[in-house]
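Worksheet: the structure to be examined is printed underneath.
In this document, chain identifiers A, B and C correspond to the written order of the chains, with residue numbering beginning at 1 in each.
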Amino acid sequence: MNHPDEHLLNWHSVSHEAWDWCLHRALEYGEGLIPAYGSAGNGRQIGLVFFNDSLRTRASMEVAAHQLGAYPLLVTPGSGTWGFAWERGARMDGPEAEHIREAVGVLARYVDMIGVRLFASGTDLDADRREVKFRTMIEASPVPVINLESAFWHPCQALADAAVVTRATRQSRGRQKFVLSWAPHPKPLPTAVPNSTLLMAARLGLDVVLARPEGFDLDESVMRQADVEAAEAGGRIAVTSDRDAAFEGADFVYAKSWGGLGRYDAPDEEAALRSSLPDWLVTDDVMKSTHHAGFMHCLPVRRGVVVEDAVLDDPSSLHLDQAAYRLHAQKAILEWFWGTGVSEMGLT
Amino acid sequence: MNHPDEHLLNWHSVSHEAWDWCLHRALEYGEGLIPAYGSAGNGRQIGLVFFNDSLRTRASMEVAAHQLGAYPLLVTPGSGTWGFAWERGARMDGPEAEHIREAVGVLARYVDMIGVRLFASGTDLDADRREVKFRTMIEASPVPVINLESAFWHPCQALADAAVVTRATRQSRGRQKFVLSWAPHPKPLPTAVPNSTLLMAARLGLDVVLARPEGFDLDESVMRQADVEAAEAGGRIAVTSDRDAAFEGADFVYAKSWGGLGRYDAPDEEAALRSSLPDWLVTDDVMKSTHHAGFMHCLPVRRGVVVEDAVLDDPSSLHLDQAAYRLHAQKAILEWFWGTGVSEMGLT
Amino acid sequence: MNHPDEHLLNWHSVSHEAWDWCLHRALEYGEGLIPAYGSAGNGRQIGLVFFNDSLRTRASMEVAAHQLGAYPLLVTPGSGTWGFAWERGARMDGPEAEHIREAVGVLARYVDMIGVRLFASGTDLDADRREVKFRTMIEASPVPVINLESAFWHPCQALADAAVVTRATRQSRGRQKFVLSWAPHPKPLPTAVPNSTLLMAARLGLDVVLARPEGFDLDESVMRQADVEAAEAGGRIAVTSDRDAAFEGADFVYAKSWGGLGRYDAPDEEAALRSSLPDWLVTDDVMKSTHHAGFMHCLPVRRGVVVEDAVLDDPSSLHLDQAAYRLHAQKAILEWFWGTGVSEMGLT
């Protein structure tokens, strides 16, 4: 990530230096230690390509770009522009009017960086695990491509969450207990957020408990990487299906729903299993067994399905702080790529 | 409206000082007495949330924000982002992925003000009258929320129209006659504009005539507030169903269609009644009985249904002036909330 | 085009001075001889009205405006705003809520220039040839209207392409052979690009060959204007249906599909004829007979239908350069209308 030809798919494929610098910088923004407005983006444009819906990510990236002086250029394929073909060598006689290689190649002539949101297919686990589409965009792009949530990863969310946890634990003693708790949901959501959350907590050296029902394991490749991160940071990772036990003494409860990996091969069974688990709702009652845990969620969240209103509306809930830190985290990431422009700022 | 935690739903729930200052400021912009570009919005962002379609309002708010140095962040629920749940305490297992409380709470972490367009339900008169949805947004927002047309009110339009009328009457002597005239339309439009227009004209102390067919009264609560405004300003309000008599000697004719309040309970009857009244079309002929009245309309307007081409295409028509003053009025409103930045401007 | 009340529909209806200045300026931008950022748009707004989808044009116009200091205001009728009525004197009781005359009149109160994309109807050849809709917008607009692709013309593409060809031929001796070659496509595309390409190549004084199957002639009015341009520039234009012969010794191959003009009256016949011509695909093999021709295409392009992957992926292909020059060309056009702001720049 020191060179302009590098990209951000996830944090474990870039240098630790990048993570450390960005986390520190995000905290400086969050605590008001540096001005909200900077010059790192002066004379720059960033393309924001949203293949999927967004509220927080799009809004916070637009504002992040603006606050650093860059111009955010929004592209929403299928809305005001056509859809794209992805296959190599295909004869394009279907509905897609343009290949992603041209689309990215053209966009890169107008912008200095491309941010892209492109969720998991949900039908091809191997392609999702290998991030085939995100990597296709990287291959076509002469400018850095950064991930605004791909098939398996959401590094912007992970950095923001890490800053929120770090800030909250500064005054704390001892290793904090962080519970990532599966939650019910009417849809089989992708695993980009739980994957990224698990690795983030592992990297912070927390005492991590992944609480999920049988059938909702995360991908093996993710678990292996989480073990690597935990080992490096001196933390540990446990997995359990005993939700109530997991919550006992927790310092953080991060609720998130995701579809079981069975959704790829046996979607009906996965849906039946998922809908049989409404008791994984995070209640005010189960929160009482924690160590005054801060409740976390990446949002959007379904009230009454994922978490009770009383938990979310409690002032100790961290979900809006997480949203606020998205802005700080993403400015840090942009500055990691572009430089902070500090010396330039000193001159004006 | 003197404190940053206040909002703009309509003009009668904020101070008269706010109205006076904004009207004066809008006129200064409109007459070119102050520079079009200012610094009130430097270092600020404004979220513009459009639950309903818009041309003028969205365009003029984007430009207003830009000309004052602020960044306009557009959010169109359902287009590039999901729809929102509004009920409190509901179990969110339907199509809505996020509650408006989180959506507003998050957005307010990225912006300094939220503008929102959210038309009347057309199905629940009491909820529309109480502005339940707009007030839900206010409750969820730690930053000011301003109204870009709600169930019952359109304060930006009212301020722009007041400036156009004020400017046009500066050279006039005696109390001006202002006719708000119901007009035909294929759809039962909301009453936000006629409500706001009536109160605006009352507040300016004009001789106001509301001309509407039987069955198209405005809400009683609105009429009561109009009487209050007229009494304070020394004007008066009359209501008639004799359209032709109303036009005689008029100085201003403000045409506007709205659905009868019967649309809430008996939509078929309302539609039948509405479609039986094509003669309320504003014709060149009926305009001849006025006192060279300026024709006004908030736009969009249906030619040949609401008004004849000859009226709209006459150079004396004020409808494009009204559109122009939207920009001036909204810059004034932003500056009322943010300060004018004049002293700051003096330093550069 | 020397006066602010003039517009840009196509290059042959403005002065040669405009073309010469803009082409020179686009090349200066493309070769980095002048700074990418300028001040011509300071204190200005440009409305960008897209009745049809766009990627390149919208993205490059937003960035062009931004780099010159102007604010780009995007309007996409039918998405976040309603559709417009176009007929004069019509009674607007259909789905359209606003007449284009008001829409343009209003927009012009907020912006200094209006760019518009509005493709051919495909159903009324005479109206398309006369650019009835584009001219309706011009009539309604007190500010300049520039063409982002209309029924018959795409001047932004033509200027960008002219710059790419000019740059590529600077070191060349003798008159260059430029082949505009019809290509297969599943849809009957409009002729705005081939019309503009033909006139552009004629104007550059090239040895132009239009290679197209029988049934795919361009409009007679276009051919006549091309002859005028060629005569003035000392070039020539030939038309052939022998694609392979046309490619021999070509210096440039510009591939483009368009629907036969028969699509207006006999769409089924046109479709049958069009689908019988897959061999007009530009292959690596047929490119071997050229004089190391640079391959050109305006994009979006259908791989395997219009051109083989091997041609497009060859480093000599000029299609991404064309996209890059869109930005340069459009900045030049904006500066032609607004002035370069150079003296202003000199002062800061």
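Definition applied: a contact is a pair of C-beta atoms (placed from the backbone, for glycine too) under 8 Å apart; a residue touches a chain by one contact, two chains touch by 3 or more.
Everything quoted here is computed from the prediction, not taken from an experiment.
S.K.: Over half of the interface residue numbers used by both chain B and chain C, so same, or under half, so different?
M.R.: Mostly different residues form this interface, as fewer than half of the numbers used are common to both chains.
S.K.: Could you work out the angle of the rotation that brings the CA atoms of chain A onto the matching CA atoms of chain B, rounded to the nearest 5 degrees?
M.R.: Chain A sits rotated relative to chain B by 120 degrees.
S.K.: Quick one: report the Å distance separating chain B from chain C, using the average Cα coordinate of each chain.
M.R.: One centre to the other, that is 40 Å.
S.K.: Two or more other chains in contact with one residue: find those residues in chain C.
M.R.: Answer for chain C, listing residues that touch two or more other chains: 79.
S.K.: Help me check something: in the complex, which residues belonging to chain A touch chain C?
M.R.: 43, 45, 47, 71, 73, 75, 79-82, 85, 88-93, 97-99, 102-103, 105-107, 109-111
S.K.: Within the complex, which stretch of chain C touches chain A?
M.R.: It is residues 36-37, 50, 53-56, 58-60, 62-63, 66, 76, 79, 186, 299-305, 309, 312, 319-320, 323-324, 327 of chain C that touch chain A.
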